[in-house]
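If you scroll down you'll find the structure; I have some questions about it.
Order as written gives the chain letters A, B and C; numbering starts at 1 within each chain.
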């Protein structure tokens, strides 16, 4: 028993070293911009770079829009499949898992061929069209996570009974979705949302190939042109990811508390 | 000499002492039940015998060998769990053969033994199935077959019937007992169900708060409870609190009337005493040695038994159980009646 | 009066509920993918050909495919193995409870910390001037380059990929480990099995479906990753997605239809991987409902 615990500690220590060293290394590296002393110069340079602000804002807004689109597509579908079309479940599940199997680069390649300027739906012909396409692409990439999160949330509540109860009280479909189902799966939706946020915010391939001014391509550009700023960017990106994941924990903990109080 | 000796076993989890100074000798081939409410330490005793929990103090001796510090997989003990604990990835046959495979028994021999065990528990021909294809009762039979296949020295049963339906529970308990007798395997059985304990065991250990309250054959536990806890935990009971009048002849004054036990009490005159009477020991006539005048408050028809609630002035209501027989007239609620009981059916509890 | 549920018009309304989703999936997932698949067998003027596929049989593309496969297999295998050991140590190794919570939260973060910033982090740590490189050189006199380590290599890339592969495994396998019931282990022990025998005969087979599934996921995860490799190695290590990226960008402009073929090859690889996964899983799950 004691030996087992010792082995566990050793394993954990190795894991911790592997996972923490790159973080420490990155922080340390990001502070080296001034010769001989540690300084925040790299962060200062990054933060004062208008491109940094523009691209991060672009990705941020796009992430929010992606989340809205994702929820609008996934939540009603997951609800409907659970309630009325359980036979369709395997199909829907299969589709939502496809983005994990088909590499994103292949999907975006398909977009470029399908929505180019000479196609029936020339989304790539305009900047707005490209933005929409990118948003749809991100919604596709986040489909597996969003669907799983929401479906798990729906599994926890008794959808048919809740729906019938609401119907017997005279509620229409919109009311049922917005006032009954949605509040009950809010935690699940928020988990999916923050996960989507973490995926979208630093994504590179889709943004680069659709030529959009997102944070991912900006980071790559910095990586090939600057020495210490990329490390600062990595720290920023890690902080954003950590924040998104922390919010998931916070939201689920909070909802557990409110449920316990009921 | 006892086959299993548990000497002064103790177990604490942090600050809480779960088992305090528990000693028990079990003879070879004996079927002993540990009976008690949840949290009384019965399962912990079993798990210490199995080797899953190291005792905080005391010794476990099996067949003359000190097993206290021996690892669970070296004890040659078979265990059946409440939740069956069948390996879901193995077929019934592979489950039963698990212990044989681990012990390196030759394949042909193992196969024969598996067949024999499945036949013993009435599941011949089920070998190729997976656990999820069986009912709860069948799964528990497989678990029993698995536990006894490697010919363990001791069989431990941890509430094996608690997860099953009432009907299967009753049929399986006589089956387990029959198999245990046939194999003559020393068995320790943990349960919170007194009916199980009383019906299956050679001896019952009633436990409370980590201690053995009483150890004895089922009829003794039921008829002669040694302590108030045992009396109240097992079966239902009428308790008359009174005062000793004469210790030598066993005269006691109770709210329901004077009682003469005809045997000496160890208590001094004037000391408070509780008299316990089983509902089925009370008779609806005056022929018993001790009689009470009562009024019937209500009656409950339960099929094989009719239960009456009778009130003696100034005393707590008495519960009376009578077998139902056609044509037998029982007093209706509101009527007066006489209850009587033989003095030897009255159990004296201290205080 | 509501119409009886079996009337065709009613059934049609029920199906209407999933139309937005199916339309979205069709437009942004299925049709784009089909476009690639059919494109791989088309000539520029619309005819059918196998020429594009034959075009894959060049040393450079086959080499990239080999590296990609090796990279995905190695990091998926190591990710599974190390992730399982780490998860087992944290969940059932007798470590304090807060460690488990911390590990899970961190895994959530690290599994999503992929792409460009991850590459930066490894450059800052193990690059030419990275912290670890410098420390090893100045304090221990070990020159990483001299002993043959190069971050911009297969090993370096694999090391970086494991940074998201291992946490992903930890995230997925921990609930499965929780599903291993304590009394299985105790039953095995009371039947005389050692810890190793219990793991070999019970725990690993029970975990089988999860292990196989996660392996497939990690494989696809690594096989399709572009950003980390690109930011870490530029294009000096040519893996299949980087070749495709270059093809799409038009940096290597010789044959536009070769891009289709490369993309098609990627779909085939992940498709076959998943076919193997589904088959294995069905076998591993035969004892389940």
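Methods note: a contact is a pair of C-beta atoms (placed from the backbone, for glycine too) under 8 Å apart; a residue touches a chain by one contact, two chains touch by 3 or more.
Values in this document were obtained by computation on a predicted structure and should not be read as measured data.
> Counting C-beta pairs in contact, which two chains come out on top?
The chain pair sharing the largest number of C-beta contacts is A-C.
> Going by C-alpha centroids, which chain is farthest from chain A? Tell me that one.
B
> Could you work out how far the Cα centre of chain A sits from that of chain C, in whole Å?
One centre to the other, that is 17 Å.
> Go ahead and note the Å separation of the Cα centroids belonging to chain B and chain C.
Chain centres of chain B and chain C, defined by C-alpha means, are spaced 56 Å apart.
> Distance-wise, how many Å sit between the C-alpha centres of chain A and chain B, to the nearest whole number?
Centre-to-centre distance between chain A and chain B: 58 Å.
> Provide the residue numbers of chain C that touch chain B in the complex, in ascending order.
181, 183-184, 186-194, 197, 201-202, 205-206, 208, 286-289
> Any idea which chain B residues touch chain C in the complex?
50-52, 71-79, 81, 83, 85-91, 98-99, 101-103, 130-132, 143, 146-147, 150, 156
> Which stretch or stretches of chain A touch chain C in the complex?
Listed in rising order, the residues of chain A that touch chain C are 1, 4-5, 7-9, 11-12, 15, 18-19, 21-26, 28-30, 73-74, 76-77, 80-81, 84-85, 88, 92, 95, 98-114, 136-137, 139-140, 143, 195, 198-199, 202-205, 209, 216, 219-220, 223-224, 230-231, 233-234, 237-238, 241-242, 244-246, 248-249.
> Name, in rising order, each residue of chain C that touches chain A in their complex.
Listed in rising order, the residues of chain C that touch chain A are 14-15, 17-18, 20-22, 24-25, 27-36, 39, 82, 85-86, 89-90, 93-95, 99, 103, 105-106, 108-110, 112-113, 115-126, 129-132, 162-163, 166-167, 217, 220-221, 223-224, 226-227, 230-231, 234, 241, 244-245, 248-249, 259, 263, 266-267, 270-271, 274.
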